[in-house]
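Chain nomenclature is as follows: A, B, C and D, assigned in order of appearance, with residue numbering initiated at 1 for each chain independently.
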Amino acid sequence: MQVNENFEPVIVAFCCNWCSYAGADLSGTNRLNYPSNVKIIRVPCSCRVNPMFILRAFQKGADGVIICGCHPGDCHYTSGNYFTRRRITLLYSMLDFLGIERNRTRLEWVSAAEGAKFAATMEQFTADVKALGPNRRLEDLRCRKQ
Amino acid sequence: MQEAMIKRAKELLADGSVDRVIGWKRGEFAYDMTPAVFTSAEELDSEFIFDDFTSANVSKYLVKETAKEGKILAFLKPCDTYSFNQLIKEHRIDRDKVYVIGIPGGPKLDIEKIKAKGITGILSVKNEDYTLKIETLYGEETMPFSEAILDKCASCKSKKHVVYDELIGEDGDVLDSNRFDMVEKLENMTAQERFDFWRDQLSKCIRCNACRNVCPACTCENCVFDNPKSGIDNKAPADSFEENMFHIIRAFHVAGRCTDCGECSRVCPQHIPLHLLNRKFIKDINELYGEYQAGADTTSRAPLNTYTKDDCEPSIVHERGVE
Amino acid sequence: MQRIGVFVCHCGTNIAATVDVKAVAEALGHEPGVVISQDYQYMCSESGQELVKNAIREQKLTGVVICSCSPRMHENTFRKAAASAGLNPYLVEIANIREQCSWIHKEVANATDKAIILGKAAVAKVHLNTPLNSMESPVVKRALVIGGGIAGIQTALDIAEAGFDVDIVEKQPTIGGKMAQIDKTFPTLDCAACILTPKMVEASQNERITIHSFSEVEDVKGFVGNFTVKIRKKARFVDETKCTGCGLCTEKCPMKKVPNEFNLGLDNRSAIYIPFAQAVPKVATIDPNYCMMMKTGKCGVCSKVCSVGAIDYKQQDTIIEQQYGAIVVATGFNPINLDKYDEFAYNQCPDVVTSLELERLMNAAGPNGGTLLRPSDKSHPHTIVFVQCVGSRCDDEKGKPYCSKICCMYTAKHAMLIREKYPDTEVYVFYIDVRTPGKNFDEFYRRAVEQYNVHYIKGMVGKVTPKSDGKIDVQASDLLANEQLHIDADMVVLAAAIEPDKTARPLATMLTTQMDTNDFFTEAHPKLRPVESATAGIFLSGACQGPKDIPETVAQGSAAAAKAIGLLCKNSITCNPCVAHSDELMCNGCSSCEKVCPYGAITYIDKEFRMPDRTTKVRRVASVNPAVCQGCGACTVACPSGAMDLNGFSNSQIMAEVDAICK
Amino acid sequence: MLKISKSKLNELFDAVSAKQTLYIPADREAGAAEYRKYEKGMELTSELNTVRSAKDFFFPQTENLADFKIEGKTIEVKDVREECEDFVVFGVRACDARSFTILDKVFLCEPVDSFYKNRRDHGTVVTMACTRPSETCFCQTFGIDPTVPEGDAACFDDGENIFFKANNEKGQKFIDSVASLLEEGDTSKLDEVQAKTKAIMEKLPLAKLSTENFGGDKLNEYFSSDKWAELSQACLGCGTCTFVCPTCQCYDIKDFNTGHGIKRFRCWDSCMYSDFTKMAHGNPRLTQLERFRQRFMHKLVYFPANNDGEFGCVGCGRCLSKCPISMNIVKVMKALEVK
């Protein structure tokens, strides 16, 4: 695959307030660098992430979307991430079924203590999306940046 | 069959057990039956029809019908009973207001398949020992019955009625159908091939909403695609993205609720195999979370409304099949 | 028209070193709706907050965006500041440009660009923020404890001690639970009754405690601070208020062949009975399945001998309705049923008993008056084999996957007591592991081995076979010696696994609390919230949450009480306003949301709607109780019509953020 | 009459498409044809008609009307109108050809819809006479002769040759542009084919359907007919009939936020939809019965009342074959007709 060195992907990360957002804060506190392509949106729980949000991100110009939540069993709301896991598994499977590149979407469990994991995950995900190049299969041409 | 149905419907109307009957009404041609509500013996005698073309699933109409006063008799084919049950489960139908008579299922015929053979000017279609004798303005044509079967019937999942008050004819069994074959075929393609396949199909979409409006799982008071507050409302596929989004979200919203009745693909004026999207979810659910048939009962928890602690991770999507 | 203020914090050099804060303020100043955009050294300082407050007042701001550290740090600070300046606190949004920007990026240009985008997302979101007001919900100053075992008693006593009324609902005729059946307790070997019965009496005499014995919870409605509970007081055919517990009726009752539940069926009781001498309340109960009067209408002896006229054969169940602020579940455990364990001949041989049965056999108030005799022939047993982990740590469907936790210790206790009292008896214990974590536990176990010469054998018992001479052949393997053993035993004692009370499952549904696959109640957090259920106002005490010994149970009982007291102390609870709400016009009443709500916050109501054609239609629609909802948002995605939305994180707000980030 | 042998038709297509964009009805799959941009070697369909009508060429499903560029707090309006390039649509049937006349009445009356006019001015419609009408055809009900179609130029198929006839100047220009490929031919066989087709027309199941009792003067009777409830009962409220209809011309105008600006576009709308013409106060037609009635009243009563008796239907039969529940204008006319 050709990698465009100048391509800077837009990456949206949905992080649950209690674990992953805190984990992201921790990687900041520990000054662990990860690419600035990643922009975080805070949600109360990963189960708040509606498939509409993910599609919307791709429509409006995102090249990759990652969802982060508490590890299964650790959900602040006891069961939220279990629902997330099913919903997102099915959604990602459907995107794959439609031929959308698998590496554009990801879900990772990141606890509040895993600052290093958060940074490493974002580093890896950004690299994967970069390798894929711009999102073309699930983009809205009207939104393409001129 | 038709006679037995009319007879029973008239009896139930006469003894006051039901006030209305929902079934199919004959049309202008051999194949254009309209779902209809009958209230008298005369109407039943003159207009009620049940034959190889009465394929429409009438269960969704019962949402509207059971909101009215009185009781309605519904003739349900096996596949329709699944939709009916699912609607009961979601509190959309008042079970007490429906008297269900289970009737045999298909296979039903697809007029479009007959027309696709170049047969036009169709005046009548007769099934003689599984050969269709088609009288047309341009002479008589024949074709095998098997080649004119509706897609949804060709991959029938069940001949069993999952709910009824009485049956006319025999009840059948849940079938070991081949309905996931095409999904599997697509799964085994490369991502690029799948993308090309779906782009070709979904680009045909004219967003007429027939698939949504016929779907027994789509009974929302106000669909997100019609609701400006939802942020994703739209009326036309103004971009290929919107074609994708509509069908992904629709499939997702009925995931775990779709009974695979096949109406979406039957009514699509552009012949988009929309049922494949729903079947993909059904296949995934069966494989990842255990066999589940929406509408088979009214009490089990829908797979997306439940979980187990050792469910697979979404990364399974990245690990299996072909990229 | 929105009037939004943007305030960019330098955080000393924490932000300003890598983010060009002036450029951020400048860029965000051009965003639609932004009327003021400023930067400042320390926005969280007194003077920084003053800057925000003044701007709110002077510019008549309708929304505030603070670009600063993580909202986890100072969101509350700025919300309070906004509130003090007259702006609804929920009209404040934080753009995290420190932890998620300046601290992780090194290049100024890069970090500044990202900070601007994060700021734009916050501005886009705040455009759609709506004022939210925290609801206050009053707290009923009364607690309900379900279950009157040691856990429930301890919880009730502690709550009453704190000055709150508390009711105990116990389904048996007496409180006391399993502990009342136990002879001695480990590792101190003091008598269970001696330490339990004073507590039972204390509970009955405490004027703040009401005991509803022989009663069950029928229905629970409401939410934290305001539960309405229906309690069914089952008919005991004896007027509780009149009965003095003299026991004359139980002596005179001609029907004496009723298996005695309290002694686990090892002896009999009469049809009218008091479970045991120290029962609380000490009131007789008629068992209608055996009472001749109830069955045939001929007898009436108890009625004749009762001097206070307490007998009432026509008594009916009564329903009490009561309101509570907090509910504590203390439904306890039972040993599992051993019917499926044919290999241990439990059903075939009366001399194969469970540990709890052994407790009764050894108890002074038990069937043998405290002398350990074989149930079959009342002879003194000389060889006793204990089998550990019967149904515990088990992979098959017969047993339980977990460790029952208490068996190792009570078996050591039994072995020791037997060796102490009957030194001529040989005691064998077959175990997989001996688990003795706990204060003085391992010392206790070692005493059994070293001082009392109990034969501990690591190995499994394969088969227990009663023999014709009355002995029992125990076939086992000694894993350490690697040999097969046959022991001619007189008695075999099975350490049956314990399981949560099966009848608690419908209760869990009523309480909208969760149970795990083993039917133990699930705590809100396994480490940090061990005595709370996920449902606010419902607390967990004792073995209903997991296997526990007495000290742990009592500790948890008190902990649950402390949590309940903490709630009851408040006059009202302030609810988080970031909760879900349903648009009734769009709701289909399909119940998807209810199914995914971990708190049972969603109920359905039949609501009348005016239809477009001016008719009316009654439709089932979801209704969220804001006092119960915790705002996770699971329901918003389960809802296909989009009727369900979440305050503070609405669909449109999140999509606005997405748009701002992606553009 | 000038003709070309059918075997040479592709040469003609090649010649036309070399100069301007050419669209022809081609098979998408068995039994389903659609207009496609001609590419070398593409075959003309054997289907009678396309699934979607030809109205898309002049009134596409979505069309950008204006762009707004937002820069900070200023909005700049950008005119996106561009002169359309010349194109030819070949093989349009008589029914669809008539639909352009109907659409013209809507879009070309004052104020003229410049987007529509632009396309209309630059498009040449070459029609094709029908030889094998389907049972769903009822164009004759609306006075259309499918053997002599309208359009800028008309083509006639005698089985071996395609004959060309100009109906106007634009049509003549088209024929002139391909004159080198055409030759004068004998039309006797064509006359036979036409006679045969006319005979079939007589035998069509809907041949007797008449508009005689419809039109603007029956407004009250039809509006308050008690038949509407029964007719609309099974209607799903989808837009299939509207979207396959060659004459339905309603549209909605919406704004789309692209992230860097706003695109104002119009898209087809359907009077069958519950949110059609929804305004601040709600929807003027509250029930599906009213919406269903609107569609057919418009075609059979309001439109002729406002357009010199011209009905809003051309009898193409698309809604007859595509309605998911097989309810259509024919059933409505038959049920409703007041003699």
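Keep this in mind: a contact is a pair of C-beta atoms (placed from the backbone, for glycine too) under 8 Å apart; a residue touches a chain by one contact, two chains touch by 3 or more.
These numbers come from a predicted model, not from an experiment.
Taking the mean Cα position of each chain as its centre, C sits at the greatest distance from chain B. Between A-D and C-D, more contacting C-beta pairs join the chains of C-D. Distance from the chain A centre to the chain D centre is 46 Å, each centre being the mean of its Cα atoms.
Centroids built from CA atoms put chain D at 68 Å from chain C.
Between the CA-based centres of chain B and chain C the separation comes to 45 Å, rounded to the whole angstrom.
Here the CA centre of chain A is 35 Å from the CA centre of chain C. Within chain C, residues 596, 638, 651, 655, 659, 662-663 each touch two or more of the remaining chains.
Shown for chain A are the residues that touch two or more other chains, namely 51-52, 56, 60-61, 73, 79, 83, 87, 140, 142-143.
Contact with two or more other chains is made by residues 224, 230-231, 238, 304-305, 309 of chain B. If each chain is drawn as a node and touching chains are joined, the picture has every node linked to every other. Note for the complex: chain C touches chain B at residues 517, 585-592, 595-596, 604, 617, 619-620, 638, 640-643, 651-652, 655. Residue ranges of chain D in contact with chain A, taken from their complex: 256, 258-260, 263. Within the complex, the chain A residues that touch chain B are 51-52, 55-56, 58-59, 72-73, 79, 82-83, 85-103, 106-107, 137-142. Note for the complex: chain A touches chain C at residues 10, 12, 17, 21-22, 24-29, 31-34, 36, 39-45, 47-53, 56-57, 60-62, 73, 75-80, 83, 87, 119, 143. Interface of chain D with chain B (complex): residues 28-32, 46, 48, 51-52, 61-62, 132-136, 200, 203-206, 230, 233-234, 236-240, 242-244, 252, 254, 256, 265, 267-270, 273-275, 320-322, 324-328, 330-331, 334.
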